[in-house]
Structure formats: C-alpha cells, structure tokens
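Below you'll find a set of structures to go through.
First subunit A sits with subunit B, and in the next complex the same chain sits with subunit C.
Coming up: the complex of A and B.
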C-alpha cells in the first residue's frame, strides 16, 4: 500500500460508561480505492464511519480515544474545523435525503455554503457533479423540478452528486443502496467503481455480495473490533480468521 | 470430512443440504471411476472380455454423474453466491469432476484395448510392464480419493510430489516395450495395444495428481499447480 490517505490508530469509542462501541481499531485506507466495512448489525461499522468525519461527536456522551490521521494530520487537532473536515470527507446515508428544493439547488447547496456565488461556476459544477453521479442525462431537462419527484435510486445519485459537488477527497457511504431496487443498486455500484478514480471511498454495507463486487479492500468487524482486513478477493476466497469465514459463508457456531 | 475443517452448519439448512449432496456425489463419482479402473485392468490382465464390456457399458453412468455434478455446481453458484471455503469447495469439485470423468474415459480405453487383445487371440504377452504401472497408478488414484474424502492436505501433497515417479515408471515401461518390438517385429500389433493401455494408465496418474492439487486448493486456498518441488509450500500435519 502506498502512503495511506487515512490512518486509524488505536481508535476506541464509547457512548458513556459501559457503552464501548469501538475498540483498538487500526486501519489504513488506500488512496483512490474502495474499502468496504462489513459486519453484523451492532458491530460498529457505522460508528467507525462516523468517526472518520467526526460526525460521531454529535452523539451525546460520545468519547473518542486514539487518533485518525488524514493526509498525515490528526482530524482531532485544535486547528481542524469539523465543517471543513466534512467537506473534505463527504458522506452519503442509507436513506436518500434530498433537501426540499430543486434538483439544481440540491447539488448547488454545498457550493453556495462554501461561498460560491458565480452563476456560471455554479452551473458548471452542478452539471459536472450530476455527470459524475451518472444522473445528468435523466435530469438535464428538469433541473428546476423538486428533488422529491425523483425515484429512490435517482435521489440517492442526487445525494451523491451533492456530496461530490464540493470536491471532497474521501466519500463515506453508509449502506448507500440498501433501500434501492436491484437495478438502482447496480447503478450505484457502477458509480462507486467509476468514482474511485477521483475519490477514496469507504462503504459500509450489510450486503456481502455488494462488498465483494465493489471494493478493493474489505474489513470485517465484530463486536467493535476489526477481525480481519485484507484485499477483497482474499477475504472472500480465503479468509484467515474462522469468524470471518463463518460470517461471509453464513454459518453459526 | 470433505470440505470445511470446522463442522459448522449454515444458517440456511437448504444450502447445507445442497453442499452435502455435492460432497456425496463427487465422492460417489470417485468410487465409480475407481471401480471402473479396477475392472478394466482386470479385464486386460485376465484377458476377460465380459469384464471389458461391462466397463465400456458403465461409462454411461460416469458421464451422467459428471453432468449432474456440474449442474449442482452451477446451481449453487447461481443461487447461493458461495464465498470462502464454500466457494473453494465448489470450484474444486468442478475440476475434480472433470478429472475423474477423464479417469473414467481412460478406464474405458483400457477396456477397449483389452477387448481387442482378447479378440486378436494373441495370448503371448504377460503384460509385465502394464502390471508394473497398474499397481502404483491404482494406489495413487485411491489415495487421491482418500485425500478428497478426508480433506487430507498432507496426503494430497504427497500425491502431487510423487507424480514424477509414475512418469519415470511409464518411461521405463515404454522403453522396454520398444526394445521388445525391435527384437520381435511380429509382436508389434499386440505390443501397440499394450502401449495404448500403458499411456491410459499414465494419464490416470496425472488426473489423480490433479485431484490432489484441487484438494490442496479446497482446504488451504493455495494454488500449487505448475510448481516445482522446491516451490511447493510446506505444511505440518495437524
């Protein structure tokens, strides 16, 4: 692995006493690759994802120890503004959450927030983001329509367009396709595959076949720890740990 | 037991039973071609055309079982998307199935040669070379099926390593028969039939070795094909 873009060191997270969620997490994320985090519900996947852009701090009583290095610098450093961090490390959630405004304004939202005022630049960047999110052809004639009229799969791609419009370096996807039909799911997966040229992607998924299809690296989590982390082909053909094997083959003890 | 070292059940009982059926069928395939080979060799050495005919007839069952096992594999791949040990099991079974079917074909070839030899009424040959090669080849095939049935990597590795010695035996037998033909040109017709049978035995040794390689892949996830003796991984018996 070349110089990792993100390096997680001895990370632990709890939501108050007796409520440890993550333990002793060590993980290096490779630039321009897709890393999948798999594991059962409650294993800590989403919490780990939310640590990466400090979203977890919005949860009451969240306590983090250890460190996360992003491009060689701690994301918990005194000079780091969480809002800026979240622009550089964007996030897309399970349920598509377009804002109650037009398709255009949804994508332009983050750009405006960042102070972009030029209509020409906005127009250009919105189009680029929609193109990159593979949605442009479907919405180019109705950019002023409400985002709510789009289908679930389109809404999810719109949200991805909104996230990439501000040109983040890392994209965190939390179950991005779990509420979508199989065809929309394949579109999102194809999109993930193409987006890794420009971004580093971390995807949390319940769907193991999806993890196997889209990711370059895969981490299996259990009880707040990373049991195994390896390149995806190895993890899915010849895992080292019995617990990983049991989980991905659907066995119980 | 064939497959995973640790005997855990799938959450899906249906998937469990599909994998069990597949394991049973590939072992049945092994048993079938092994008895085909034993019968074919007996037909030849005893010059018994009834046994030869039986082998030729039974080849149909080998082919039918080959098709069924392939279908089971395709169905599991399509419907279950197996991973890890399950995936390696299905991939290994596909290749083992192919190799065992070829063993069946070679056994049928030996039976056909036996029939030709019996019908030619030439009772001269004592099949010295055939006897010499038949025993170790049959033993190797047996061992490869044992390795499969018990997921025995050490035994599988031994088979793969020892394939060279079968090749050496085959080379020696060939040279002896050629010498024999040079000395007795009248015997060329019979000896040629022996040569065909000898070649079939040598191929069966290769197929048994391939089965051993697939057992190693199935259990360890390591591809040992086309490795030299020095490149072979070392495992310690558990």
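Coming up: the complex of A and C.
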C-alpha cells in the first residue's frame, strides 16, 4: 500500500454525550481500489462513510475527534470548504434518491452547481456519466422524463451517474444494492468493478458475498471499531480475529 | 370448542354504527353548504331575474291602488317597490293587508321602464311611437317618456322564457359591471368587486414572501431550541386572534404610526390633510397580510418538514451549499404547500370585514382603487369591499328591506369570488403537485 488516498487517524465520533458511534478508527485507503466495509447493523459503517465527506456534520450534536487526511491534507482543516470536498468525494445512498426532476437534470445537478453553464458541455458530460453508469442505452430517448418513471435499479444507477458526473476522485457507496433485486444488484456490482479504473471506491455492505465479489480490501467493523482490515481474500479465507470469522461464517451478527 | 364463523351480535353492529355516524356528519356538512347556496340563489333572484308586476286595489274608496313589484311579503304586510314614476310618492310602500280587502291582479300590459336618469318605473303600457313611450300610472294618469332617455323597457308579465333569460343575463352583467351611486340605489357592485380582488391580490404580494421566508428561517436555520419552540407556538397562536384586534392594531401601527410618519416626511406641504395617514388600500392589505401571515408560515413549515431527508442529503453530497440546496431543491418542492397556505390565506382574507372597517373600507368610494399612472394602484385611497357592502346594505341603510335581494346578490358574488380565487390556487397547486408527487412518496 503505497501512498494512500485517504488516511483515517484515531477517528472517533459521537452523537451527544452518551452516544459514541465510532472509536479509534485507523484506516488507509488505496487509490483505484475497492474497499468494502462490512459489519452488523449499528456497527458504525454508514457513520464512518459519512465522516469521509463530512456529511455527518449535518446531524445535530455530531462530534468528531481525530483526523482524516485526503491527498495528504486534513479534511477538517479550518480552510477546507466542505462543498468542494464533497465534489471530490461523491456519495451514493442506500435507497435510490433521485431528485424530483428530469433524468437529464438529475445528472446535470452537480455540474450546474460546479458552475457549468454551456448546454453543449452539459449534454456531453451527462451522456458520459450515464454511459459510465450503464444507463445510457435505457434512457437515451427519454432524458426529459421524470426520474420517478425509472425502476428502482435504474434509479440507483441514475444516482451513481449523478455522483460520477462531477468527476470525483472517491466514490462512497452506502449499501448501494440493498434495496434492489438480484439482477439489479448484479448490474451494480459489474458497475463497481468497471468504475474502479477511474475512482477509488468505498462500499458499505451487509452482503458478504457481495463484499467478497467486488472488493480488493475489506474492513470488518463491530461496535464502532474496526476489528480487522485486510486484503479481501485474506480476510474472507483466513481471518486473524475470531469475531471476524464468526461474522463471515454467519455465527453472529 | 368451536364457535363457527357466523357474525356475532346481530345485524346492527358497532362497525356499522361508526360508519353511519361518519357518513351522517358528511351529509350534514354538505347539506349545510347546499342549503346556503340555494338560499343565496333564491333570495338573490329578484335582483336579476324579471319578477311579475302586480296591481293591488281595495274595495274601500279612500285607499289608492298600488302598482309595483313585491319586495318582501310577510303575510300581514307587503312591501312594494312602486318605482319613481310619480316623484311625490314614496318609492317603497308598505301595504298592511288588515282591513283593506286587497285585490291583487296581474295586469297583462304592465311595463317596467329603466329610465336613464330617474331610475326604475312601473306603469301600464299604452303604446309606443317613434320617439315616445306612453304609459299610465296607478291612478290612471298618462305619462309620455322620451325613448332616448330610456335605457330599456319590457312587459314583465308576458315574457317568454328566452326573453326572461336574456334579461336576467343582462341584469347580471349590469350588476357585475357597473357601479353607480351610494347605497341601495347603485346599479351594481363593480367597484366593490374590483376593490375586493385588488385588496386580496395586494395582500398576497405582501404575505407570501414574508411568510415563506419566515417559515424557511424557522425550519432551516433556527435550530431546535427552547426559543424556536416558543416562537413556533406563538406563530400558531397568532392565527387564533380575533380579526378585529388586527384591525385595531393596523389602525394604530400602519395608519397613525407609519402613515402619519410618511405624511410628515413626504407630504408635509399638504398637512394637515392626510395622504397616507388615514385608512386606505395599502394599510388594509398590510393589515390582512399580517392577519394571514401565521396561516402561510404554518403551511409552508409543514411542507418543508415533508421533504425527504434523503434527497436533501443527496444535494449536500454533490457539493451544494445550504442556500443552493434550499433554492434549487427545497423551495420548488415546497411550492404546493405554499399554495395551500395561500389558499387558506385568501379564503380568510376575502371574507374579512371587521378589520377592514378600521383600516380602509368605505360604503361608497367615488373612484376605483386603480389608476393609469405608476404604481397603477391608488394605495392611499379608501376602497369598496363586497363584504362591507353586505353589512352596510343589510344593516346600515335606511331602506334595508328594499335592499334585501341586493344583499343576497352581493353575498352570492362574494361567494363566487372567494371560490374562484381559491379555485385558481388549487389548480396551481395541482399542477405543481403533479410534477413532484411521484418522488415525494
């Protein structure tokens, strides 16, 4: 692991005095790789993801200690603009959450925020993003239709297109397939595999087969701490910790 | 031990009783609305629709016969409008039936004449030549009227259905489209109609931005503290304050306070004649805006609270600032809720009379609250209002019996105006809703 793109140091997070969520997190993420974060519900996976783009700060009473370095720079620095950080670290949520706009406007939303005004450039970038998200062929004739007419799987690929349209360096996926059927899930996984070329991907998932299929690195979380972090193959075939083994073999969690 | 699957407890069950009471409540509400509409229509009918002209004569010699239209029939007495053909007679006559042995006939050739300068006249038609209409009055004296001065005339007792309908339509148009003098003598309600609509629209312009911005601040920026809860409760309670209190407040703050100050600063040369320092359109609109502000704030805030958290987070995650998220996403999505607030505000404002009496409405204003030059609204002038017309005609005027049909007709117009303004807002909300509803499940 040379030169990590993101490095988490001693990160702790709490939502109020009695509600510690994350404790002593150490993690380094390798460029252009897929890192899976697995663990039971409530173990802090999503909260960790939300720390990476500082979305967690929208939650009232959220308190963060420790530091996260992105490209060698602290994301909590006094001069960091969180909106620029979020343009460079995109995120896709658990439930498809397209905006109540047309398909085109959904993908163009981030581009317009970034100040892109030329219709030609917008058209081009929207097409590229939809192509990259493997949705272009299905929506090319109805870009002006409401996003709501798409199926759940298509909506999820649409929000992925929306996230990659602004060309972030890191893509955070928060259980991107948990609300989808197996075929849509498979398409999302293929997509993750292809997107790895251009992006660093962190994916939170419940599904261990999925983690094993798509990720290069895997972290197992339990009770707000990272129990084990290793190469995916190693973690799944030869875990060091008993708790990890228990979890991936389904004995608890 | 088996009980079987039969219904328990006979035919009349609790489930049915609940449904029955709910349905009963709905029927009662709808019936109330329907009855109100029917009463308005029936009572307003004489104002527009041609009514028969009767001739009353008595067997006693000392009683003169009467010719005219019935205004009110109370059983013991008949109130008759006998027109202005003979200036010496009272226009409205009260006929006490007792001891008179009245005989009522319906003269085939009775004529109704609307005279351009004098008003309405009733007589018995004699004939018409090139320039004059000849008729006899109730005493048999002949009158000749110059046709050039007559607006229209017809024989009300021998109208066909079509003629009757066209006269009704013309009367309604006159009623809606013309003004005329003060009191019951006025031809129509046009100035009051314009006054009501202009005042409501002006109020909308004041209340919407103010209410929406206040709601956005309360919901998005204020946080969830003790103070916010206090303010929110206060706003909710403002909606319950009796409207006349707002009137008094508007009079004190806007008319005497702000208006007086404007006069001192900008119109000092014509003091002590007040310009803005007296009740007027601007102050009336502002007072009503204040009155309806809580409604708009509450409705908008509820709309803001319904926006799914997930799409707001999606916007932030794409690098939007708080203001960008608000303007590009939250506000457009809350538009239907804002329209709901607007509907409620209009419904409340268009019907208010009490506060307006203090801050700008008059019984008769010589000109419309519109003008040709900028700002196109006579903001400092008093104006007429349908609700106040109803109150004034029904309870304040000397011949309120004669104005009865007019009161109901005005009430019907106000009813239609409020329904129309509401309908407009509902249609707008429906359009907005259709655009967004799919994603607000």
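Everything below uses one rule, namely that the second predicted complex is superposed on the first by the 251 of 253 C-alpha atoms of A that agree within 3 Å, B and C clash if a C-alpha of one lies under 4 Å from a C-alpha of the other, contacts with A are read in each partner's own complex, and residues count from 1 in each chain.
Convention: contacts are C-beta pairs under 8 Å (C-beta built on N, C-alpha and C of every residue); 3 or more make two chains touch, one makes a residue touch a chain.
No experiment lies behind these values; they were computed from the predicted model shown.
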Clash or fit: subunit B and subunit C on subunit A?
fit
Output check: A:239 vs subunit B and subunit C. Expected answer is one of first, second, both, neither. What do you get?
first
Does subunit B (first) or subunit C (second) touch A:194, or do both, or does neither?
neither
Pick one for A:212: touches subunit B only (first), subunit C only (second), both, or neither.
first
Compare subunit B and subunit C by how many residues of subunit A each one touches, and report the one with more.
C
Rounded to the nearest 10 degrees, how wide is the angle at the Cα centre of subunit A between the Cα centres of subunit B and subunit C?
140
The superposition places the nearest Cα atoms of subunit B and subunit C at a distance, in Å, of 33
Shared contact residues on subunit A for subunit B and subunit C?
none
Touching subunit B in the complex: which residues of subunit A?
208-209, 212, 236-239, 242, 244-246, 248-253
In the complex, the residues of subunit B that touch subunit A are 4, 6, 8-12, 15, 81-88, 220-221
Going by the contact rule at the top, pick out the subunit A residues touching subunit C in the complex.
53, 55, 58, 60, 83-87, 90-91, 93, 95, 97-100, 109-110, 113-114, 146-149, 159, 162-163, 166
Quick check: in the complex, which residue numbers of subunit C touch subunit A?
223-224, 308, 310-311, 313-321, 324, 328-329, 333, 435-436, 438-440
